[in-house]
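Two complexes are shown next, each including chain A; its partner changes from chain B in the first to chain C in the second.
Right, the complex of A and B next:
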């Protein structure tokens, strides 16, 4: 068991090093950081929401958008680089199982996504905290209700985002394990992310009483089970600005659902990769 | 399966399905081969003859359609077999951002070398591959010859009993090629079994104890290099001694013409000639 963990951690370590040195990662990190910072200057365009909520929503949206692009492209790229450059031949000829190899690739990629999410969350935290302090002073002067900002809520949100990107990366890895080309993986992976974002529609349609045919209901049921609901992770503003409005049970159910899909996609990826000819 | 063999291949067949219609392409056709331990074994054949496919199946990288393979008595593709095998793929590519030493350390850990022995194993393999001096440089700065040598170092870092080298001298200049030849001899001296896939027939002839030639997925010849290259219907005299009677007669005959007999041995044709005779016309004609 120790040997397996050791080999997996070495694959993850090298994958992480390879990913972190890519310009693509640095580019997306800088772009996302710029978006988070710019959210402060856009606070007057709040469309009727509270200022902090707009700032948080704007930054969290950027984090998910660029995080998804990073999870999609980087997972596919790191996987296919090993196949196309034939480094996989060298590695898999060693006493390393394909599951260990795949798991190592996933963990390395997930670690990079962790750096991305937690760096941006830290930056977002600094911005929200400093603006909250200004608003608290302003509220005291004007007699208005002071805004709330929860650091632990932000930490929970960052963990949830990390989990969501982990689900995306596992989904892309599953596609990579059966796909022959990088382009196919990216296209199918992008479609899967969009399907995940729209999965709640299938859930809602299934829950609503309707006279839909049995076939439609069956398709809706399958869609709502097979495709992960990526929208359920969108509770950032509530966690950060109004943590009492959401129960711990609800947060845990999101975590467990994310973990279930993550493990399921990795298991399917492993099964598919075992049969792949390299 | 023979446990005395380093590699035992019995009735190996591999079919690939190609195109949308899934047309069957037979890459390896009922191949049976025994590679003895402690020898340098050359696996030869033209491009597309099934050598690399055979190696990949032996290493468990692709499944066989039928047949049985064992490595050092263990079924191939098992952890036990891989623990005892080192592999250098053709035109190896490694992570460019790692230094040579980091790569070999990485491979040592993946191959199960205990943490406390990694440094010692890494330095020994770097030394054998003559890469100690360049080991601290990033792999991205290496020449082709250095890439092959660092590839060799990663293949032997866990002290495997069997080393499989796929085109270890491809793209390497004659000096680098000779250096790799010396490394193979050094490994043989340590009792390792080496399987060598190469197009450099001269080098194969020099370093291999046995050779097998494949064509169109089939084994067309296998045996000791000396045996397969000897032309037994002719003799070449090169040294002074012969059987007493024959020598006497030969010397007398030759002395009459002012010549001295120095040796008598079986003449050899080159491995390249044999290779061409066996495979030319079947693929390129």
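Right, the complex of A and C next:
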């Protein structure tokens, strides 16, 4: 068991170092950071929201958009680089199982995604904190209620986003395990992300009583089980700006749901990879 | 182990995850800005996919609102309405979007329609009135949606009351909106007076006084300044209705 863990962590470490040095990662991180920083100066474009909400939404958007692109492209690229450069053959000729290889790849990628998410969350925290201090002074001068944000809510949201990107990476690995080309993986992976973000439509259609036909209901049932609900991780506004509106149990429930998806997709990816010709 | 067994186990795991996500989704559903399937339809083809997917929703809603002004300037009713409703659907908790969409539909669109039909000189007054009423009804429907999505925002209720009063000339309906505004979490100081005034103008003078005085005694009097303007209006009503002295609101020490 220890040897298995060692081998997996070794692959994960190599993958992490390889990914963190990529220009693509640095580019997306800088782009997202620029987006977070620029949110304060772009707030004059806002209509009728609280200022903190606008600033927070900008950062959440950066995390969502660039995080999804990173999880999709980087996971597929790191996997196919090993296949195309034939390094996978060399590695798998050693006492290293395919499951360990795949799990190592996933953990390495997920760690990089963690660096991405937590760096952005930290930056967002600093921006929100500094702007909140200014708004507190303004509020005191005008006699208004000072706005506030929850640091623990921001930390919880960062964890949820990291988990969401983990589910995306696991899903992309599953597609990579059966796909032949990088391009196919990226296209199918992108469609899976969009489907995941819209999965709740199928789920809600099922939960509400309707006169839909049996075939429709069956299709909805299958799609709501097979496609992960990625929208449930999108609760940043509430967690950061109105944390009392959501219970801790509900957040834990989302974490558990994410972990279930993660394990399920990794299990399927591992099984598919075992049968794959390299 | 049978070669198919791991696949069955993994598939069951995925089905289990899907089933569990129903529970977790129910728990956080209220926290995700509501965008129903019905609301999604007008957003299709508006280039706001990113907002619907979950990221940058506020920003995309703002950008959509800006785009709607281009159509507003061109007096393009269909384009303007579609984009304004899209902004509302993307950020349904924003009072600003609902209120201004209701204003555009309830007030502006009728004028555009009359101009499109040849102008105020060519369209008969009764037809004009019909057009104003029709768009006012549509505006009220938007305000109602806004009230529902914002959890009973008093500002939207006041706007609905004004539209009912100005365009539908229905003081009782306006009074009903103003009254709802007085029951909201944050009530503007003038909402009580507006409700009483529209009831008064609708002919329900005694009811207006009874309601207004009850509100003043129950809520307004306890305010920091004791709401002297409201009391002054109540004194006017008492005089008009010739309320016997013993039934009037007792004279306050600070009253002029």
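Points worth noting:
Throughout what follows, the second predicted complex is superposed on the first by the 278 of 278 C-alpha atoms of A that agree within 3 Å, B and C clash if a C-alpha of one lies under 4 Å from a C-alpha of the other, contacts with A are read in each partner's own complex, and residues count from 1 in each chain.
Rule of thumb we're sticking to: a contact is a pair of C-beta atoms (placed from the backbone, for glycine too) under 8 Å apart; a residue touches a chain by one contact, two chains touch by 3 or more.
Predicted, not measured: the structure shown is a model, and the values here were computed from it.
Of the two partners chain B and chain C, more residues of chain A are touched by C. In the superposition on chain A, contact is made by A:257 with chain C only, not with chain B. Looking at the shared chain after the overlay, A:229 reaches chain C, while chain B stays out of its contact range. Of the two partner chains placed by the overlay, only chain C lies in contact with A:57; chain B stays clear of it. When the two complexes are overlaid on their common chain A, residue A:277 makes contact with chain B while staying clear of chain C. Every residue of chain B that touches chain A in the complex is listed here, in rising order: 56, 59-63, 79, 82-83, 85, 87-89, 91-95, 97-98, 106-107, 109-112, 151, 154, 164. Chain A contributes residues 45-49, 53-54, 57-58, 60-65, 194, 197-198, 200-201, 203-205, 207, 224-232, 234-235, 237-239, 245-247, 249-251, 253-254, 256-257, 260-261, 263-265, 267-268, 271 to its touches with chain C in the complex.
Within the complex, the chain C residues that touch chain A are 6-7, 9-11, 13-28, 30-33, 37, 40, 49-50, 52-59, 62-63, 65-66, 91, 94-97. Put simply, chain A touches chain B in their complex at residues 3, 6-7, 10-11, 14, 17-18, 21, 85-87, 89-97, 275, 277-278.
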